[in-house]
Structure formats: C-alpha cells, structure tokens
Amino acid sequence: MSVKEIPQNWEPKILVFACNWCTYAGADLAGLSRLQYPPNIRILRVPCSGRVNPQFVIRAFQRGVDGVLVAGCHPGDCHYVTGNYFTRRRYLLMQRLLQYVGIDPERFQARWISGSEGPKFQQVVNQITEEIRAMGPNRKLRDAQ
Amino acid sequence: MSEITKKIQEIAREILEKGEAEIVIGWEKGTFWYLSPPAFIDKPEDTQRLVWDEFCHNNLSKYLLDYKNHEGKVAIFVKGCDSRAFNRLLQDKQVDREKVVLIGIPCTGLKDQDKAKSLGPNGDIPKAQKCMECKYPTPLVYDYLIGGEEALNEVAATKEAPDFSDVKAVEEMTPDERYDFWTKQYDRCLRCYACRNVCPACSCRECIFDQTRIGWIGKANNSSENQFFALTRAMHVAGRCVECGECERACPMDIPIMLLNKKLIKDINELFGKYDAGIDPEGKLPLGHFDKNDPEEFM
Amino acid sequence: MKYAYYPGCSLSSTGIEYDMSTKKVAKSLGIELWEIPEWNCCGASSAHLTDHLLALALPARNLAIAEAEGLDVAIPCAACYARCKATEVEVKNSQEMKKTISEVIEREYAGKTQARALLDVFVNDLGLDSISALVNKPLKDIKVASYYGCLLVRPPRLGFDDPEDPQSMDQLIKALGGTPVEWAFKTECCGAAHATTKSDVGFSMIEKILTAAKEAGADCIATACPLCMNNLDMRQSQVEAKFGKNYGLPVFYFTQLIGLALGLNPEELGVNKHFVNALGLVKKLLEAEGRRDTA
Amino acid sequence: MERIELTAALAQGQELLAEVTRESGVRASKCYQCGKCSAGCPVAFAMDKTPREIMRLLQLGLMDEALQSHTIWLCACCDTCSTRCPREVDIARVMETLRIIAKKKGYVAEKKMDLFHDLFLKSVEKHGRVHEMGLILGFNISGMQPLKDAHFGPSMLLKGKLSPLPHTIKDNGEVKKIFANVRKRGGKV
Amino acid sequence: MKRVGVFICHCGSNIAAAVDCEKVAENAKSFPGVAFSTDYKYMCAEPGQDLIKKAIKEHKLDRIVVASCSPRMHEPTFRRCIESGGLNPYLLEMANIREHCSWVHPDDKERATFKATELVRMAVAKVLKNEPLDKSTIPITKRALVIGGGIAGIQAALDIANAGHIVDVVEKEPSIGGRMAQIDKTFPTLDCSACILTPKMVEVANHPNVNLITYSEIEKVEGYVGNFDVTIRKKARSVDMKACTGCGTCYQKCPSKVPSEFEMEMMDRKAIYTPFPQAIPNKPVIDRENCRYFKTGKCGVCQKVCPTNAVDFTQEDELVTERYGAIVVATGFDLFDESVYGEYGYGKYKDVITGLHFERLINASGPTMGKIKRPSDGKIPKNVVFIKCVGSRDEVKGKAYCSKTCCMYTAKHATLVREKIKDSNVYVFYMDVRTPGKGYDEFYTRTTDQFGAKYIRGRVSKIYEKGDKLIVRGEDTLLGRPVEVEADMVVLATAMVAKSDAAKLAQMIGFSYDQNHFYTEAHPKLAPVETHTAGVYLAGACQGPKDIPDSVAQASAAAVKVCGLLSKEEMPTEPIISAVDEAICAGCGMCVPVCPYKAIDMKVIQERVHGKTISRKVATVNSGLCQGCGACTVACRSAALNLKHFTNEQILAEVDALCL
C-alpha cells in the first residue's frame, strides 16, 4: 500500500504531551473560553515537558498515532526552573534524528504554550491536525498490529 | 616483528614484572590474519603474544567495565579513539583513573577488516572508514607513550577533518527515500546487541532493552521494534559517541550504525556549538546541560 | 634579537633623526634590524579615510615581505605601527580578508608576522634591565614629559599599553636615569595633519599639549611619532607666536634619549636637527655629568 | 528653527544609514547619547556638531545633515571617543565611513583636508612612498597658499630633512598594482 | 485482580450536552480491569462523592477513574473523596472530558463521545499501574539563620525573633551595621542614618531570641528545607568576649596604626579595634595581619593594659555546626572598583573620591568631623563635581545595569554640599535622573531648584589635575557643547556590585545567581524573596541594587516566609517524587546536573558480588528537595530513576491505550 493513500473515514490521531503547569493549563483555558478545535488530539499530562522521554514518542508512532506534539512552558518560565531548556536541547536533536530516518517533519513537533495562551493552543492544534490530515495515516515506524 | 610491537611487548612485560598492574589488555593475532582481537595478559612471559598491527580495532577501554570490581590495577593500550572512550568512561564515573595504567599508541590509522578479508593479504587494503575521518589519532591521555612525543606530532599531522558527506547524502534524500533506506538497513538487524556490547558509551548496569518488566521494546524482531532500538540507542549515545566505529565493525549485518551516530554528532555541533566527546573528562555533556541561548525553533 | 625594520616615509625626510637614532641605538643594544627592501608607504592617515581595503593592503605588502623572511617588524613611527597592526589583526581574524589582501597585493600574507612598535620592542622584548645596564650617562635631573600620542595605545585592541595612563615610556625614562613627570596629556591628540591643513585648529591642539607639559615642570618632551615631533617641535615657534607664549621645550625621540644615556654622540643621533634647540639641554646634561665626575 | 518631520526623515535616510552600518559595522542605535565621546574629543572645540550629535542625526536618519557637517572632516582619528565609549560604539570608524560616503556624494565641507589626503595618496601611488616636500608644496600651491610654511623649507633642507627629489622605490609597479586591484574591487581611490 | 471503578460526570449539561455520558460509561465496562462503571449528573457534589464511596465498598473497587472536569480543578476533591472511601488518594486518575472535550467539541457528539471514551481508556490504563503513595513529613528545626548583619539582616532577624523564633545572625565583620552604618544621612528625609540604625542594632543585640555571631563566616551548608546543617567559622577575635568590658584602653594604647576600612582609609584605626564607636558588639578584635605581636612576637601592650585580662593571643578559629529550619541571605553589596576608569584618575588624584568616601567626609564622627574637606590638602572645596553612573550602565568597563540608588544619593550629596558650604558650586554630570520612589522626585527638584545644584546632562570623559584644581571635561548634551569645570573635588557615584564572594556562598548553599553574581529570586514578580531552594530566602542588595527602604521591605517579606515555615512542626512532602532503583543505577551521575533543586546526590552502597563485598556509587534522591519534575528520569538512560505517579510504565500504558 502506498504511504500516501488515505483511506475513507480515516481520522488522524494526535498525541499531545502537555506539561501540567503551562500547556495543560493553556488547554484548560481554551476549554473555558470555548475555543473549538477538531477532536483528534489526546492530551497526556506530564509534570514537565522535561519528563517526556524520546522513547515515549517513538512508542506512540509504533502504536499508530499519526502525529506527536510535545508542549511545555516557554523557556524561562518553567515551573521547575530549567526543565524545558533540557526539553529544547533534547527535541531539537530528536526532531532532526526522526527526520533523518524518514519521519516527515509535520509528524513530530514541539511548541511552547503558556497557561494564558488558550488561543495559541487552539491554533497549534488546528494547524497540526490540518497538516496531518493532509498527509494521511502514518505508517512509518508503525508495528505490525 | 614491527618496532611498535616490540615496544609494546617490552612495556607490557615491564609493567607486569614491576607489578604496576596485574593484567595488561592489548591485542594479539587471532584466527585470521586480518583479525587482532583483545588479549588479556597476566604473566610477563605471555606478553610476547601482544601485537600492534593495522587490525587492532577493538576499543580496549570498553573492557575496563569488566574489571570494575577488580581490586588491582589494569593496564591497557589506547589508540586515539580508545583514549577518548577512556575519558568518556571517566566522565561517566565508570572507571577509576588511579586503577588504570594507560599506554598510548599514536595511531596512523587501521585497515578495513572486511575489505582485507575479501582482497586477501596481498591486496591493496584501504583504511577503515572511521580512520579516514579521525580527528584524534593520538591518545589524549596516557601514562606511557609508545614512540615518544615526536610520534605524536608525526601522527597528528596526518589527521583529516570529517566532512559528513555520507550524512549529507542521506539528508538530501526525500523523507520517503530516507525511510526506505533505513528500513532496509534495520530490517536486517538481528537485535544481537553486538553493537551495544562493544560500545564504550554503553555503560549501563542494565540496558533498557533488557528490561522486560517495563516492556520498552517488544521481543518481536520486526522493522518497528528494530527502529525503536536504533533510534533509542542513537539518542542514548548522543553527545557521548567517541566515533571509534566499533558498533559498525561488530555488526554482523553490516548496518551503517555510525551513519546515525554521525548525524547526531553533526547536529550537536551545529546546534549547541563545537563538541567532541571524550576530550575533556571534566566537561559538561551536550545533553547534560543547556544554554539559555540555544536555538529556538519551537515558538 | 632580529627584527625586520620598517622606517616609513617620514623617517627618510622630516623624521630623519628618528631613523638615525634608531639604527645607532639598536646596534648598541644588540638588536639587529633588517630594513625591508623597497618598502612602500603604509598609507598612514590618508588611506583609511579614503578606502578601507587600500588602507589594509598598503601595509600588507611590507608585512608580507617580512613574513617571507620569518621576522616580526619593528616600527618606530606610531602612525605606521597602527596601520600595520590593523592589517595584521584583520588578516589574522578573517580568512576571507586574508584571501582578499593576498589577491590585492599579489603576495602571500598570512598574518603570522607581527607588527611591533619599536618602543614595545625595547621595553618589553629587550627589557628595561638590559637597557639600564648599558646606561653610562644617566639623564640625571632631567624631567621628561612622555608623550605617547594616539596611535601607540588606541584603539586598545591594537595598542600595547594602557590607553589612559600608559607607562612604558615613563619606565624607560626612569631606566635611563631621568625623571618622568606626571601629566595628563600623554595620550591627548596633537591634531596630526591638522597643523598643515587646518592650522588654527591644529595649533590650538598643540598649544594645549605644550602648555600641559610646561606646567607639569618638564624640561623636554619625549615622543615616538614623527608627526607628533613635527607638531611639537617644528610648529612650536608658530604656536608660541600665535598664543604669545614662550615654551622653549626641546622635543626628543625616545630613541635619542636612549642614545644620549648610552653615551652616544648627540650629532650621530640627529639631536642637532631639531627646530627647538635641544643641544642646550644636552650640554647641561653633560656638564652636570662632568661635575659629578670631578666631585 | 526648522521643524523636522521625523517619520519622513527616517524613511529618507534609511538607505544611507544602512550603508553606514554596513561599512562601519556600527549600529547607531547602540548609542545612548551620553556625550562621553564629545566630552573627550580633542577637536570638539572646532566642530560644528559634536560627535554625539552626529550619532543622533544618524539615529533619526538625518543623513544629509551629518554628511554635510564639518565635524566628520575635522575628526583627527585619534580614537579617544571609541576607546572611552561605554557602549562600544566605534565612533571614529563612523566618522571615517561618513567621510568616504560624503566624498562620494560630493559633500566635502573641508576641501583642503580632502585635498591633502588626495595628494598624499597620489604621491604614494606614483612613487611608492610619500614625497613630503612635494606633498607640502603641492598642498600649499593647490590650496592657494603657496607661501605658507615656506619659511621651514631652507632650514629643512639644511637639516637634511627634506629632499628636493622624490624617492621612488623599485618595486616593479607593485604599489601601482595594489591601487589598481583596489579600484577593480570597487575601491573609491 | 485489580478492580477499577469508572465514574462519568455530566457536569449538568456542561459535558452531557456534547458527550453521551451513558455511552462512555457503558463503553468503559469493557476495558480491562474495570469492575464498575457509571455516570452521574454532578460527581463533585456530595451525592456524587457518596456514590463513589458507596461503589468502592459495594464493588470492592481498589482504583478509581473520574471523568469530569480538569484535574487542575477537582483532583484534590476526588482524592479526598476516595480517601474517605478507604482508598489511598493516589489510586485516582481523572479524564478531562470537559475542558479538553465537551467544551471544545460542542458540535460533533459522536466524535466527542469517542474521544471521551479514549480519554477514559487512557486513564484506566494508567490507574491500573498507580501505586498507593504516602505523604511523608519532614521535621522543621525551629531556628533561623540570617547571613549578614546589615540593615536587611537586622530587620529580618528582628521580625523573625519578634514572632517568637530563635535567630542566629552571622556577620563577617567585627560589628553588625553594614553599609548603612557608614552612611551619614538618608534620602529623601535627610535624617541621620546612625540615629535610625543604632537603635535597631541595640534592639537586635538585646533581643532574647537573637544570637549575634560576629566576625564569623559560613563554612559549609548541608541538608535541606527545615534541616540545614550549617558550619560557621568563628574567627579568632583574640579577645575573650566574656571578660572584655569594652573599656577601650587596649585600642587607645595599641601602637600599630592601620587605615580604617570603615572610614574608607581616610583615617587610621589600631590593630586591636572596633570598626566604629557605636559598634555592636562593642568589643574589639585583633587584626592579626597588622598586629605587632603577631608579626614580630614582641609588643603585647594591649594584653598588659587590659584591666580584665581579656586579650588572648592563643585563641584559634572555632568551627561550630548548628541546624536551622530556614536561611535568610542578606549579604549586601560591594562597591565597583573605579580604578578601571583611567580617564578619571581615581586612585591617582586624591580629590577624586567615591560616594561612600563622601559619606564619611560629611559624617560628624568621620575623619573631618563632618566638615567637607579635600582629602589632598584639607581645604574646603568650593566647586564640587558629582559624576553619576560610574561603573553602572557601562557594558564596556563596568556593569550594564542601573545601580538604582545613585541618582538619589547624589542628589542628597549635592544638597548637603550646598547646605554646608554656602559659596559652593555643585555640578552633577548625569545621563538620566531616575527618582521612582515616594518623595524622591520632590527631593531631586529641591536639589536643583532650592539648593541650586547644576545638573549637566552628559558623561564625563576625562579628569586631570591642573595645579590644585581638577579639570573635569564633559559635554552638555542639552546644549551640544563641550564643557569644562575647574573643580576642587570630584565625587564618583560608584556602581553597586555583588560581593566578591557572592558566587561562593550561593554555590555552598545551592541556589542560583545571575551573570553579575546577584542572587536570583525564584520568580521576578511573584516570588521576589524566595530562591529556587526551598527554605532559603533573600533580603537586601545581595539580590540586586537596592536602597534602604527596599532592603528593609524585602527583609520583612523574607522574615514572613521564614515565620510561615517555622510555625509548623513538620512539613508534608509531596509523594510524587523521583526514586532510584539502586540495582540498576550505574552511578554515572548524569541525573545530578539536570536536577534544578540539587536533590540528587551520589552515595556509596555495599553489595555482595561473587562472595566479595564491594562498594559502589549510586544516585539518591532527597525527598525534601525533589519537586517531582522528572527531568532526571529522562537523563537516566537505564531508567534507574523513575518518577512516582508518572512512571515510565504508566506513561507507556497510556500511550498504548490510546492506540487500541
């Protein structure tokens, strides 16, 4: 089957690793503000974006998600002082490595979304969902099941 | 017998006789002419087994991990890349500098073992890939030095800068081409973990790929799990790989593992500034610290 | 000790006594100077006001010749020093500039040869102890205002001494047995070519320096720059006339002062070539010496 | 006093300001107008605008006013300003750059000074070195002051300080080539 | 067999309008481990909570998933709920089907219901791997340490002591008082600094809850919030504090003169000395470097004249270790070294002085008894120049920041010169006048208007001596003209800089500092007196340039934080922290530098290998310091470190559940 073929009724599934203090709160604010976005994302709450092990990201692709977003506080605003600086280093590398083995850049993204950025959360989710919808299901790195 | 072989035998004998170390780890001739596997010598008379030739590939620093609980001192021979590995192990607090005697060998580059096998002893055997790009042919740390300081200068003059042309070639492919390329490579992977077992950056007590209770990786030997293994291992050695190329040499399936490692080395240099692993045992690791002014791409 | 020697244009005309005294003194101190054959003008203060590349290229040719010989260049003239140093630093810091310059001068210059101010060479390479060891006619009781001017110390990245209160020449004077005076105009600008091109401005800049030296109680001024020399010495009478003052301040190149202290013949040092009579002071010095000898 | 409309001035000056920034490597916006440059400038007493005011004109894009000033010509390149600037602004370099641009645009507020440098470089190009006597004579004649400084002549000659004939170096035209090569690269010599 | 209960909340119609809650509850029944599933209108309301508690009992549930609003809203509610239902509160997971589902997908009930189902499935997968966690507590030592005995330290100590807690104040110098003791008058009120400071010094010295430990320095700090073990070096005073009556005979008779630091070296003190007359404790110390007895072995005059035999040459430094619950750092500031400004000739020209010299010159007990006299010849200066921003706002030779206090103290100095020397002229060279404080701008206005100080906008470029005058060259940038002043004296408004040993102390205690070595507050707006290290607070200029009112305010704020902490017997610690699996840990130490709280140390453990006992190093997490961010867990390649409640296994289970 060609990688590009998009089956009917397919809906992209996107996993968002959200830090508890900024991005999760930003998503809550989007909800409080009733900012609509497509229901394709699943938020997984972690204390800090620095908790997100790259192995979790690969695992998600293995199990069949179509896109992964790692999101946390803006650098300098980390609830845990420096966590997101490590996140930034780690995922600058990881992003390049994933692209190097053939993962399309849209499939893995990282963003800083603060607790007050409900609209930004909405906009990022809209954008990623659209990008991934246009690309079709991800089959790269995916296990056989 | 080469001049250097004579010298290493002499120094090894002296070290054992004087009791400076109880064991000397060097290389000896193996079953085939193109193999020089490690030799573990504990008797002065056995030092005549030691050799130095263009097939002394094994990174001996790795074997120090087997002697972590050994009470006495161990002496090892180090090429430039072995010495970087030693520094790395120091940085990882896996070896005690006081308990190791290092004998440095300025290395003019080794020969490609596989090509040797196919071309035969009389063939014109090329240098090993890793040696063609070696930036540190001379040992960075040693207690004794074969050939003295002059040898250092001679060898240092031969070093060549890596140009990452192989990495760039992959980067220039389309995403799908890249994926196909790597799938083809890792579909061959047997998950024998030979790459891990020889790697001096792999110093964990328990590797996560052996942690069945957490289930990081499935037992199935399929494309997906193999790639999980490849990517995870690459991230684990990121900023720590000393470019000794042992992973690739040990791989029975000829997977170009260094092509992944070099990608990370290239990116670390581009993103976070010049860094060569295993140069400064006191230094900070690229993923062990950060700079507030690191590139910002996630706005 | 061997250096390539770049005298610069002034030292073959208005600053001829600087050249004479440099050569004499270097010889006495055991410094070998190899004059760059067929050296060219460094462009001094005109090239950099006209074209940046020209300003870097003109000195580069001289440096390239010295580099081929494997020698650092000792430069008496402060202006020449500053231009040469600027070229050296730019070439050293930029591969691109190195390439451009080599193409323009059609010679190789890699930035290996260093431009060194002669004062720096004497004070820091040879060392004050070596100089004072050879002094046999100390400049006893002579109060000297060390005048560094601009270009030995500024900009700080090119200069070799403190830009606000340099000490090398003062220490040298001390080593020669003289007394350096404390004064605040050590690095104040003399106006350079302004005395020629815009004399009312130039003269009043000179006036301030001469006045400050006089007020500080100096018997004479020491300098390391032929243009400063011109302004302070040749123009002194003009400035006196214009401002109705009477300075009578002899001005020496520091090399001449070294020569005098070493006991060299004042005429061989060109002390007779100044506009403000300098021989009077020299005579006084020798007389005092004589008195001490007899006493 | 004429009122300046700031937005138009800025728009008008933008291009020249960019040129100054590019050529000098100095961003005028770094200057915080403390005046230390002008306070220490040995020629400030003779200037029509203090060096700080020149920086201010650049900040607001009032380029013509800066380029037409006498200040940029009176600057003696002594680097005192740059050395003491608390913001690491190389003001002397800005003056130098402005002077080069002013000349290109035909704004030469101090004609004599410009003439001096022209003659100087002509002498260098021709002989490889500066012929000081020729330079001073030439300068005073072209400057319509043939007798100025003439009284120094005889004593100079006597002291062996001026040679009546230029010294030309045997460099096989290398210096001329340097000038030519600089011109080939768009040099404004 | 684990038995999970799932409870889907309608939140009135907030959720139910967009999500088919009954269907979600129904779907959940098929998830592995789910023993019970239901939905209800308001789970957070009392009937809802009772429903959960009842279900726990009836269905023998051992784990609970509540699908409702954001856990940031009601996680504590439901944790309490299941705890009172008999379960460990950490056996709860929540699925956020309101903020993250119903409210953002109001128009597609089918897909919103599907999403809610998946979110519940993720929560169930996670909760199956939840472990019961217990909040532990750490005891709090009811004793505070204040480092630094300047005005900030004194204020903090007094506030803490008045709240009933014991405070130790450690001061490096022989007397408390700090910089404020050197200052003559305070702006904007011009009241005498000593008159308002010395009563505070006496109060703190006499306070039953305060122990002053002067002439002492911090040597080592270990431990964590509530339990800092601090080693203090009490330097040898060479004077027995108990025996000494402070009569002063010793320093009257001492033959060794030393320039007085307190008087900015414009006056001498003796080798046995108190820094200033109102010093507290008012008992001398011997400066051994300058004491004739210690240098030559001969003299001993002080010992001979002492009526109480208090002088003891044999005293040695003493190390004491004490445990504290909280630390206030109030170490103050140093002055910028102005000798880097060669153009100003500071150090070369005697009459170019700093503001602090000037404070001593106008002080009635200073070297000139309060008469403003030039240091060079003792003449009364007529023309006085003040230069502001010397070392401040100068990224080349000094510091890029504004020192904040100089505008005001210079205005004060200008006023005082005009007041004390009637025929004087005062020129103030400035770049900006910054007076944001109560009564500050009014003061500045009086300085120029009423007292006639001339403010010249421009930085001075050069000062040089001409005869007995100092020529000050500047530009009046408002006129655009170079100007010159023939001054008799020049006062430089020196930048405030961090203490030279500021970084050392910060590293010792374990908190961060900025590139200028000022201490970093935990949050610039919302936690201005806290550091990132729990239990360590900041007061005064060690955190950044500050004037007296700001320092005192910050000191009181820090004291409140300390009192809050010390008011409890013990402190609960969050159980969501990292833990080390020692069997796996290889001791590489990669986790140590990534921990922002310095909560990870390496320790040595013993184990038996092949019949031999060997020791090796492993990481250990300090539960008092760990805040549960999990950074270490990713740094650890072999997953020897794991974050409780967000374990690798839990997160992987969630990822897997999402994709079923």
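Letters A, B, C, D and E name the chains as they come in the text, with residue numbers starting at 1 for each one.
Note that in this section a contact is a pair of C-beta atoms (placed from the backbone, for glycine too) under 8 Å apart; a residue touches a chain by one contact, two chains touch by 3 or more.
As the structure is a computational prediction, the values presented were derived from the model and not from experiment.
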item: Touching both subunit C and subunit D (chains); value: E
item: Set of chains adjacent to subunit A and to subunit E; value: B
Touching chain sets, computed without subunit E: A, B | C, D
item: Per-chain Cα centre nearest the global Cα centre, belonging to chain; value: E
item: D-E compared against A-B, more contacting pairs; value: A-B
item: Gap in Å, rounded to a whole number, between the CA centres of subunit C and subunit B; value: 59
item: Distance from subunit B to subunit A - Cα centre to Cα centre, in angstrom; value: 35
item: Between subunit B and subunit E, centroid-to-centroid distance (C-alpha), Å; value: 46
item: Separation of mean Cα positions, subunit C and subunit A [Å, integer]; value: 68
item: Junction residues of subunit B - those touching two or more other chains; value: 208, 216, 287
item: Two or more partner chains touched - positions in subunit D; value: 45, 80
item: Residues of subunit A engaged with two or more neighbouring chains; value: 54, 59, 82, 86, 90
item: Pairwise chain contacts under the document criterion; value: A-B, A-E, B-E, C-D, C-E, D-E
item: Subunit E to subunit B touching residues, read off their complex; value: 583-590, 593-594, 602, 609, 612, 614, 616-617, 635, 637-640, 648-649, 652
item: Touching residues (chain side subunit D, partner subunit E) in the complex; value: 32-41, 44-45, 49-50, 52-53, 80, 84-88
item: Sites on subunit D touched by subunit C in the complex; value: 23, 42-43, 45-46, 74, 76-80, 82-83, 90, 92, 96, 99-100, 103, 110, 112-113, 115-118, 120-121, 123-124, 128-130, 132-133, 136, 139, 148-149, 152, 155-156, 159-163, 167, 169-171, 174-175, 177-179, 181-182, 185, 187-189
item: Sites on subunit A touched by subunit B in the complex; value: 3, 54-55, 58-59, 62, 75-76, 82, 85-86, 88-105, 109-112, 140-144
item: Residue numbers on subunit B that touch subunit A, as the complex places them; value: 170-171, 175-183, 208, 216, 218, 220, 222, 224-225, 227-228, 230-232, 234-235, 238, 260, 263-264, 267-268, 271-272, 286-287, 290-292, 294-299
